[in-house]
Amino acid sequence: MVVREMLQPHRHHFQADLEAVVRCIEACYECAQACTSCADACLGEPNVENLRRCITLNLNCAAICEATGQILSRQTETDWNLLLSQVSACVIACQLCGDECQKHAHHHQHCQVCADACRRCEEACQRLTATVPTVAH
Amino acid sequence: MVVREMLQPHRHHFQADLEAVVRCIEACYECAQACTSCADACLGEPNVENLRRCITLNLNCAAICEATGQILSRQTETDWNLLLSQVSACVIACQLCGDECQKHAHHHQHCQVCADACRRCEEACQRLTATVPTVAH
Amino acid sequence: MVVREMLQPHRHHFQADLEAVVRCIEACYECAQACTSCADACLGEPNVENLRRCITLNLNCAAICEATGQILSRQTETDWNLLLSQVSACVIACQLCGDECQKHAHHHQHCQVCADACRRCEEACQRLTATVPTVAH
Amino acid sequence: MVVREMLQPHRHHFQADLEAVVRCIEACYECAQACTSCADACLGEPNVENLRRCITLNLNCAAICEATGQILSRQTETDWNLLLSQVSACVIACQLCGDECQKHAHHHQHCQVCADACRRCEEACQRLTATVPTVAH
């Protein structure tokens, strides 16, 4: 990923900590891919009928992480209230998906890898939220 | 759109009002397309340098409406806390984008059409939120 | 959908037939939603283990239709070779998904509705391709 | 990115070379982010009116790379004809976007970084296509 290099043009105008934004974008794209892949691997498991909630949460988390990573990548005339609201939905998606994947991690290695990606994304979202000055909320 | 026909299999298990969900999904897809198109039309205007905020809000609103319409379309083992959190981000995106488009509506017809689509989506999101029982929040 | 109103600003520069583009964009968004919804309804069926291929094709068709509808909505300085290449991938996605859904249409009404949406999108893509002048290929 | 770990469950059934698929998915997600970010940085440039084609190609390339990375991440009951058709559209998107970004690379560092990401994605797509056995085409 070349997130840091791409955000350089905006470095002077940033309301948020550059490193926190970079890390959050990277985590969102990683988590989007992991969740897309985990939904697919769950679908291929013999006990797919026990993985329905996991698949739905994976697909929803992937969609939300993609949107979040995308809007965080846009910093020209951006609105931080909007970004923080979307990041907040992303935190919930990652928590729910990470918890569900963890339940199946003992039997399915892909669920463990995905749960870890969800945790990293959740943490990156929360760290970003903490760095945005109150005035912007 | 065939949203209503597609949601029939889930009609018995619904925590939310079926018509409110159908309407919200339709409005999200309509708004996603309108915002994508409005960003593009703004980009082609002679005064594009005055439309930077409009373009960014359009692109963000499109991404958020797509994600929201997509996750509302998934009702198997869904989680309403997650859906409501994403719908809440969608309300903010539609408000900001609708307000900005309205400012340019006098000069650009595409901004008027897009502002109207944003309003419809915002209202559909708020009506859906109002129908979901408190216990699900 | 307000596709036609949104494309008006571009009406003078069009290499393709405006109505064919409008129809194709509408069909792409409709099909994207129907496929997302059908994947979800299949996931909720008791015989989900027989619907694996249907779910994968639905999710892939949804992603491809979303991308296709989105890039067709952008007409400022667009490149028709790129658009036609993506439309061509969309035709294949709709054919495969429509065929697979049709196999299950007897047992699952959502598969019938989705198969019909895939057919409409496939036809709209092929009609659009036929209207773009050879010089643009 | 955890692409390799996520694809392990499918390693025995692969028609394509695992490393080529992993590399292509990583390149698609990287390029999607870079193009989203480059469109935004271009929009913020003083000479935005000269960057219209660059912005449109960036946004289209981002949408196509996202769809391509997503469908390559799904390997349960997948269809390689569909994947190759989408990968082929992705090659064209990356070529056009990379060429256009390269024209502006002298003045805009973000265009250079994005042009490089487009080249890597184009190459990864072509290498993947070369590894898929003829029978699957």
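Which chain is which? They are A, B, C and D, in the order written, and residues in each are numbered from 1.
The rule is short, and it goes like this: a residue touches a chain if its C-beta (ideal position, glycine included) is under 8 Å from a C-beta of that chain, and two chains touch if they have at least 3 such contacts.
Not measured: the values here are computed from a predicted model.
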item: Greatest separation from subunit A - chain, by CA centre; value: C
item: Counterpart interface for A-D, drawn from C-D, A-B or B-C and sharing over half of its contact pairs; value: B-C
item: Distance between chain centroids, defined by C-alpha means - subunit A, subunit B (Å); value: 21
item: Subunit B and subunit D: spacing of chain centres that average the CA atoms, whole Å; value: 27
item: Touching two or more other chains - residue numbers and ranges from subunit D; value: 40, 43-44, 52, 56, 59, 66, 70, 74, 76-77
item: Residue ranges of subunit A in contact with subunit C within the complex; value: 40, 43-44, 46, 48-49, 52, 55-56, 59
item: Interface residues, subunit A side, partner subunit D - complex; value: 1-3, 5-10, 25, 29-30, 32-34, 36-38, 40-41, 43-44, 62, 66, 69-70, 73-77, 108-110, 113-114, 116-117
item: Subunit C - residues contacting subunit D, complex; value: 52-53, 56-57, 59-60, 63-64, 66-67, 70-71, 74, 76-79, 81-82, 85-86, 88-89, 92-93, 96
